[in-house]
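What follows is subunit A paired twice: with subunit B in the first complex and subunit C in the second.
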Partner chain A sequence: MHYPIGLLFDLLASSSALPWNITVHFKSFPEKDLLHCPSKDAIEAHFMSCMKEADALKHKSQVINEMQKKDHKQLWMGLQNDRFDQFWAINRKLMEYPAEENGFRYIPFRIYQTTTERPFIQKLFRPVAADGQLHTLGDLLKEVCPSAVDPEDGEKKNQVMIHGIEPMLETPLQWLSEHLSYPDNFLHISIIPQPTD
Partner chain B sequence: MEEDEFIGEKTFQRHCAEFIKHSQQIGDSWEWRPSKDCSDGYMCKIHFQIKNGSVMSHLGASTHGQTCLPMEEAFELPLDDCEVIETAAASEVIKYEYHVLYSCSYQVPVLYFRASFLDGRPLTLKDIWEGVHECYKTRLLQGPWDTITQQEHPILGQPFFVLHPCKTNEFMTPVLKNSQKINKNVNYITSWLSIVGPVVGLNLPLSYAKATSQDERNVD
Partner chain C sequence: MGTGPDAASGPPSRLGPGRTGPLLPDAEDLPPRLRPERCGPRLPPASAMPNSVLWAVDLFGRVYTLSTAGQYWELCKDSQLEFKRVSATTQCCWGIACDNQVYVYVCASDVPIRRREEAYENQVAALMVGAAERRWNPVGGFCEKLLLSDRWAWSDVSGLQHRPLDGVALPSPHWEWESDWYVDENFGGEPTEKGGWTYAIDFPATYTKEKKWNSCVRRRKWIRYRRYKSRDIWAKIPSKDDPKELPDPFNDLSVGGWEITEEPVGRLSVWAVSLQGKVWYREDVSHSNPEGSSWSLLDTPGEVVQISCGPHDLLWATLWEGQALVREGINRSNPKGSSWSIVEPPGSDNGIMHVSVGVSVVWAVTKDWKVWFRRGINSHNPCGTSWIEMVGEMTMVNVGMNDQVWGIGCEDRAVYFRQGVTPSELSGKTWKAIVAARECDRSHSGSSSSLLSAGCFFGDEVRGSGESAPSDTDASSEVERPGPGQTLPAEPLDDSKNAMENSASGPGAGRTTEDTVEDACPAEGSREARPNTHPGPATTPAELPWTNIDLKEPKKVPSHSAAGFPETTSLSSLGLFPLGLEEPYGVDDHPLWAWVSGGGCMVEACAVPRWFTVQAGLSSSVHMLSLSITPAQTAAWRKQIFQQLTERTKRELENFRHYEQAVEQSVWVKTGALQWWCDWKPHKWVDVRVALEQFTGHDGARDSILFIYYVVHEEKKYIHIFLNEVVALVPVLNETKHSFALYTPERTRQRWPVRLAAATEQDMNDWLALLSLSCCESRKVQGRPSPQAIWSITCKGDIFVSEPSPDLEAHEHPLPCDQMFWRQMGGHLRMVEANSRGVVWGIGYDHTAWVYTGGYGGGCFQGLASSTSNIYMQSDVKCVHIYENQRWNPVTGYTSSRDRISPCWSGWSPTPELSKPASASQSVEITGIVRREPPRLSSTSAFSKLMK
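Right, the complex of A and B next:
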């Protein structure tokens, strides 16, 4: 489903050994469940659409709208051709925020769980509290996905995973957004059951 | 000034409720569907439309091979009129499903939709682009991928076509500012849907607009 491959791995196969063996189907496309991928243009459009949505949350779209078309193209080409510096030359602007603020307006994130019908949880969430304190990953989960939060003295039921690792719940969300976002500028967070080995 | 341009989720839900109230009065079949966890939801409408043979001819023999029309309760056809059946058989009935959701990222409503033939075959993005009304075609062709794309429905998780919300504020702000100037109540959903709906074949009866001003009179 147009999801980053790393996210799919975390969500569906994180306990598998690498390399991840997958089966590719050429018949019986599940029209009702999957998006079509007709061309490279479609992938570019989807990627840019996520970028724009992330900036709508971070900067009310001001930064991405001020960019020229060639800057948008550079983001896509940098990603497509695996050119880190080319990509970050533009992406760094999307990671900035006004000096008088302590972070972005809202944090672009999506929380995925295989146990829910809803494909993901996405809500408005500020990185900084009214008193100026930085919100943490734990604060985010408590607010938007309380069922995923393990009771303090209970057993650990879930893993909260980004890019295959479990960041500490005390990590400031602003920092995670700047440093652990996917190329589309979203934090794609998987909640998976704690493995029982 | 920001409050003029965006609407919050509660306001969105309130305007949807008013919109649906009028829909029920005129039998327009919009309904509210809450999400499974009931934390949010969306407005939904299904309608059927006949596409004539010439528009869908690129689909080939399968459409013309049909000699009898599948029956759906909502779709009535005078069966004893053979001439009508023959014409209709060369056409296709398309089921359109429209959903109005709230985007918290853009803080505006978003129109999701999907279309399929009665046998369940979905229309493709190409079919949808081709079906857009002539007067919107130029705009669509300037940037098809910026206008209508296929995306995952945020509540149902299934593929839907979406009318991009990023330009919504551009055309809604003047509507809202003007309504404030002339001191008239405007239902955001009615105004917004009357602008974006026709692009994808969804038209609103005029009575929706009159309904809003009537509510205003009753409030006084």
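Right, the complex of A and C next:
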């Protein structure tokens, strides 16, 4: 499974001194661990499938399916050419939700931990509780990954990182999903041990 | 009338305007000493980037300018009037003021605007009868009283119009006389006798300066100069309205056309639209007549609401019904054009509301604020082919010089600049808000208070306790202001104007600050005794608790997420593209704009002005927050996220600013097999491997090295050439090899160019194009040649161009031409001539005249990244005569067997031997040059030529 590079940094190297040294390998592709993308088209297909998965969670795929082929292309071209406004012109629609709701149907998220074998946690989770209260990041973690939540009074053992920052656990999940999602529309959350120094 | 050139005086000047020559009184109105061209080209050369200004009008009609070198909007020097429209050029700005009158603002410059008025004094000899001789003899003096049948004593040059000196009036109050009338003692470039009289036998005649026995009439020219004095102020243009009819005030106006022709100097096309939808053209606007002379009406197929005139021949207008009108037939001899054609809007629901055109681009805004770019515009097709929707919602867009684009955001009323507009990518990349503050904002507190007031929304740490009092005042006046509509008591500080303006902007402006303020006031109960309008700066509390801004209800959330363009963009760029952090979107207290005109603003893609970053020490992300505080119920988490993002940016980006961009620095290699002429033993073509290594420095500059690997005596060797040393790349036509030569100054000196040959012509062209591009890149030569470029052709007809040094000054040690860098232009000519204004003509081998159309590339450069516009097919025929030589021999008769010297097939000159076939005529495909038929042919044939 391919991880976005920002996620890899948060997950594996956030405590390392910058600049981040990257070794690029040209042979011995780890076929067992990673899906080998033979061409640019395959990467595009992979990216688009992530987007579709996210929209399936958010809008039962309604938004992405209503888009035209050229809109899909524009999403990819915008990302590829580093043209934010081109990308966002389309992606914006994926970030909308019906006015009568308080958020998406489910929040597309993945929680990554370095301490477990499991590649990531992904479950169905709604942004709004049954009583209408907005779910927060803390609610999500308590529900799907309780081990990551530090006890109230105890020592802080874990960091919950998104985009290199630690949002407060009181942050509404819906807001995070709208504003801190990666281009593939997923909220990639890393849980890493608190540095000991 | 009196200002026209005097056709009768002297021989026609063979020198163009601006050349040094004898003082010719009839050359133009200005004496040569003052003629602008003498001081260098009036329009700045494309390479330099002089200061130029962007004009804009805010919602209150105040006109501001923003210099490309500055960082602040400056209020127009003449701020008496409020304007609704402005249209700028480099030398002046036209506008429609709130009184619906048209004004022109002529920028002050060192070049005075002077015009010469002339009048002629005519006299007839008083004829006396000599009694003894019994014949007429012109011996008397000339008398001042003329007979009725004679011409006026004071007249214009034709003598038919009465023109007394005191009857010559200034055309408008904006002119003043420079001096009194004086006699011109200059006739056809030569001084006359005292008094300036010129003589002739009779009126309408040829005058001479010598008085002869039969000179019966004489006249002399009186001159007076008037000067345009209303510079740097708005000068009213007299209304077109006929007092007998209902007034029809102007509604829109556009100035352009400065590239159509340069005669007369500074000529402009000024177009205006009246409220009744009529289109008007201002006649005779030029440098020496900045006001023009009169309005003339043009027929239109419908009611026009808005008009836009590009620098060249593009003119578009919008109709009430939402279609666009395109003017066709605009050219040098007919700047008004000849006919209209209609372009349908992008969709039937939303018609076009606004268009703006450049040299070869058209942008439009439809009634739903969507922005559109017209595809397929060129000089042969002013209508284009189709619409492309662009990102963003704008109330208007404006295309300025270089086809750069500005717009006014529909949500936030900020001025946006379209980034990344280049000749190859006219639609640009992205909208970027100009965050420059106004001069007046800057001046009213020690620090940039408008920015600090933005900061106050995001927590105490930004404001700190040590902020100066004035900025606190500013902040609180904003937060505590009563709702819109209520008048404020006089504010103690000079920021009152600012505050008033904010309150006047009212709801619906879509700005968070405003909304916050409105919501804040009723819910203010919890706040401690703070008077609504505090009396002075001293009472201002030092801190505003963070919660003050959190009064907005979260119900805004859905609309926020759908809000789209600037707001959401800025926010999400935080999340998705951390690099976007440097882009501040709108200072909190930014002015609200109504109109922008970039017609006088020269921005080049490579050097963007410093308009997009905030000048104060505040971290830029703070400003972004000002736009994003919609669901502000739980500010703590939100505050922390932005704070962390700011810190992260600092940690991950700012500390590494000095690092070279890894992605930018690339090494790129092309390798291939070629043949190389080995100039030492064995003196033959040898097979070589070549590799071109191209690398990009962190400053974006590219450099390249060409390696040639060869084997000699089974030993591998190589030579290398730095492409930044190459001065010329020349294709060498050779019937057996597709070869070319590389010259460097050193190799030219040694007469030892590097000669390479490719297997196919295509292969050679690829290499030539690539090497040539690399040479140009390493010397930072790009785009079309400048008007100052030096053109030359080789003996084979290849065309080369060299750029002189930008300052055009002759160096102490002028560069010899073999050390100048010459780049090839596609095409084939026998002769080429250029003038200093970039007009280039040539003559082909078949005696056809060609004119350079401004394209570059062509020839071997086809298919590579270069301009594709203005490149056309050129054909040329070079006749090569071949003589079959035979010798008569008494035994065998004529035979072609070779004798001592002459080869059996020879050309017309002692050139190398030619093989018989194929060389009878040689047709070369060339581009970059358009065929211009000789003038006597009709223009249709020229077009049919182009269609091919």
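Note that in this section the second predicted complex is superposed on the first by the 196 of 197 C-alpha atoms of A that agree within 3 Å, B and C clash if a C-alpha of one lies under 4 Å from a C-alpha of the other, contacts with A are read in each partner's own complex, and residues count from 1 in each chain.
Here is the rule we go by: a residue touches a chain if its C-beta (ideal position, glycine included) is under 8 Å from a C-beta of that chain, and two chains touch if they have at least 3 such contacts.
Values in this document were obtained by computation on a predicted structure and should not be read as measured data.
In the superposed model, A:Glu143 lies in contact with neither subunit B nor subunit C.
Look at A:Gly164: by the touch rule set out above, it reaches subunit C but stays clear of subunit B. By the touch criterion defined above, A:Glu66 lies against neither subunit B nor subunit C after alignment on the C-alpha atoms of chain A. Touch criterion met: A:Pro119 reaches subunit B, while subunit C stays clear of it. In the superposed pair of complexes, A:Glu53 makes contact with subunit B only, with no contact to subunit C. Of the two partner chains placed by the overlay, only subunit C lies in contact with A:Arg92; subunit B stays clear of it. Interface residues of subunit A facing subunit C in the complex, by the touch rule stated above, are 6, 18-19, 82-86, 88-89, 91-92, 95-97, 99, 102, 163-168, 170-172, 175, 178-183. Remark: subunit B residues 35-37, 104-106, 122, 124-125, 145-146, 149-159, 164, 166 touch subunit A in the complex.
The touching residues of subunit C, counted against subunit A in their complex, run 391-392, 429-431, 557-558, 561-562, 564, 568-569, 571-578, 580, 631, 634, 636-638, 640-641, 644-645, 647-648, 651-652, 655-656, 659. Those residues of subunit A lying in contact with subunit B across their complex are 1-2, 31-36, 38, 41-42, 44-46, 49, 52-53, 56-57, 61, 108, 116-120, 122-124.
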